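Common to both upcoming complexes is subunit A, partnered first by subunit B, then by subunit C.
Our next item is the complex of A and B:
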């Protein structure tokens, strides 16, 4: 559901790749969470994650859900960012058949779907092949 | 804790059962189980179900089903853990009997998926994933499993050809299972040429969209002895959860929750993997069956696919995996699947499974997975 308030609550993580870092042990998490999984500290601070990384796995979804069909086939990847944190994200601006594990990618802001429930157009980061 | 026994089982045929409703399926399975348990009525009902709210507009499922099926004004509630709801419902029902809160309890599972268009069902099942950071991006459940499959194949350099052996074996078993959803055989060539739905995952790697219901009756030792000469002991149970956001997991080629739940169940049962005669693993996609064999200690990491294609874990080997046909071909009525699996192990141990039987099976294990390895229950049964 693209409730306006729900979209707004996640804006920092979705638009700027904001995660959290544990002030005690330094572990970094994405998306943000209130407790450090490793040391159970509840003192975590927001931190912007690197926008570049490598694909460690990907899939090409040929029949995406309603609201995403104009983008078919949709490519999803697990991306390991430069600091080692892993994120799940769609790929964009790429021929699906040219995607490879190990490919360097960077985050860009893109429209996510065409559901337009509640009049909101949801945006978030996708990843594209790194332009050197 | 008290000892707990399975004293009755009941089930419906699995399939796209357009003429059957959610409550109608439940009532059939429930009463077959009650009859199998010598017409002894359960004192409580725990029902596993994933999508009654999203696809059938029905919450308050415990009361709805207990009322419709005429079980009386008993305590009744739904347990939801996505496609692992059945295993989680059994775990809860086990606790009710083991604790002494009730002496005889029904653990059931029911799912009605086929009323919606496939796109609607797929969207409902995607709710098992992280809503804001996975499903939001248009990820289906299949695509998340495909990411795990691709990672695994790349890391261990496994050709797809090895994975294709799994569906062939599952369809062979299901062709002999009278209540299975996909009762036809497939060749390896057919698997290899089936449509890619989420690269590298093909249509014949995936379990079907199924309706169905199953129920087992659990009883304390005193009650079990009065009801049946063939009580099946619940020797061990274990349950674990993991990061729902798959990218947050340290390892992507293993389901840590299987390892943890398995350790608990084996410890409680005072058994080891080598003691198992028969397994029912949660192969919603072929890759999950293979990874689970490894995580439970039946194969080294990265080796299960080759072992399986060389004949290991087939009928005649110990353990035999998924003689029901598995989720792949017996079918996957999601919240009911975990109960079907436990019921199948119980029937294998009793010697009255209606499909392919593992001869003289004494011990068996069922694994129920919710989400992409997020909630996992392991149940060990013993004759």
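Our next item is the complex of A and C:
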């Protein structure tokens, strides 16, 4: 089940690509984390990340997990955003065979899965090839 | 009739059209229609939402484009209206998801509206009222749908997916201002969908004359009478577009020639996006042909039934903002054709055993 509490708690990072920046050393993390991995500081602030980036690597799932079968084949990519932060996310609106490393992509809001008919709908950012 | 006198206008607009298209031949092939049926509707192809898209994602991207043109801080928007007849939730507002995702929350109101294809326009009327009264600085009105049609129903030729968003604010800042709006509503059962019914039904005899034509003609005539305008005063006219024929025919009845209607005609290529229908057409006119000083007639229609006729005057500011976001033309040209099998999969028309 997709828990409403988790969807609510993660809404800023999932809807708006909000990560955290360490106030002490400046490291940026996505998804947000409570402690800086580099300097161990717990003083981190929310920061909205750039919506555009490049594909660093990707994989194609022909047998995706439960809830994702209507999107098969599903492409997951490691995207390096314009500020260097790396995000692991699904791609959308793309022919899996046309995906290339270095492809320019942008974040768009989409339904993440259809795990169930009656629960809270999980929306989150995916990446797609640039329109302009 | 509301005289607005340019006190409110369009600060930014945006559209979204999914990339998947299906050609009319596919419906003819699968359901055995006479090939002249789509031709008689002047339909070529229509846009289909992908498996991860719905009214919320469509409305969100249209609104994001509107924000890019407006160049305002999202948190200055104090009202969000989502007009749709394909809400992802029966109970839970689509408007709150969109408002949250755009950074508009929490100092705002947000609500979904329902009036068949006219709800998005009602959002614009409400936005104008809130801005003119001084209750809000900016309001966001979205019209978006992933329209349903029973497989094999003639509606399948036209019911499509897409949407448009308009940010309404004070006239001084606007790229186009509202001169007035005239609304004409009656209880006419031309099209409906009952609770828990997956597909709408249409009262055949009611569809054209007593519904679409009667309401649009009366709204437009009422507007012209109250503002002292005649058809020649409008440079462009955008009507609700349930197919490629009705908007041209209603123009003929009103004395508005074809060349003033075609710049805003989109349905033959993307289908009827329901709450987005006339609004995507207006966006196309603003993006491609409208010059400062032009007067545009906008007349959305919703079954059930009602029509709003707006007189809109374009200002100099349009030149600064119209290229700041993806255009209707760009979305229409971004396309990938799918056949009926993939369409059936995307529209969730195929029964499968639920996943464990």
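To be clear about the criterion, the second predicted complex is superposed on the first by the 129 of 132 C-alpha atoms of A that agree within 3 Å, B and C clash if a C-alpha of one lies under 4 Å from a C-alpha of the other, contacts with A are read in each partner's own complex, and residues count from 1 in each chain.
Please note the rule applied: contacts are C-beta pairs under 8 Å (C-beta built on N, C-alpha and C of every residue); 3 or more make two chains touch, one makes a residue touch a chain.
Given the structure is predicted, the values throughout are model-derived calculations rather than measurements.
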>> If we overlay the two complexes on their shared chain A, which of subunit B and subunit C does A:127 touch? Say first, second, both or neither.
In response: neither
> More residues of subunit A are touched by which partner: subunit B or subunit C?
Replying inline: B
>> Just to be sure I read the superposition right, which of the two partners does A:92 touch: subunit B = first, subunit C = second, or both, or neither?
In response: second
>> If we overlay the two complexes on their shared chain A, which of subunit B and subunit C does A:112 touch? Say first, second, both or neither.
In response: both
>> Touch test for A:71: subunit B only (first), subunit C only (second), both, or neither?
In response: both
>> So in the superposed three-chain picture, is A:29 touching just subunit B, just subunit C, both, or none of them (first/second/both/neither)?
In response: first
> With the two structures laid over each other on chain A, which partner does A:11 touch: subunit B (first), subunit C (second), both, or neither?
Replying inline: second
> For A:61, is the partner it touches subunit B (first), subunit C (second), both, or none of the two (neither)?
Replying inline: first
> Which residues of subunit A are in contact with subunit B in one complex and with subunit C in the other?
Replying inline: 66-67, 71, 112
> Which of the residues in subunit C end up touching subunit A in this complex?
Replying inline: 19, 50-54, 56-57, 60-61, 88-89, 97, 100-101, 103, 326, 330-331, 334, 336, 345, 348, 355-356
> Which residues, counting only subunit A, touch subunit C once they are in their complex?
Replying inline: 11, 15-16, 48, 66-67, 69-71, 92-93, 95, 108-112, 114-115, 121, 123, 126, 131-132
> Across the complex, what residues on subunit B touch subunit A?
Replying inline: 119, 122-123, 126, 132-134, 136-140, 142-144, 146-148, 150-151, 154, 195-201, 245-248, 252
> In their shared complex, at which residues does subunit A touch subunit B?
Replying inline: 6, 10, 13, 29-31, 56-68, 71, 74, 76-79, 86-90, 96, 101, 112-113, 122, 124
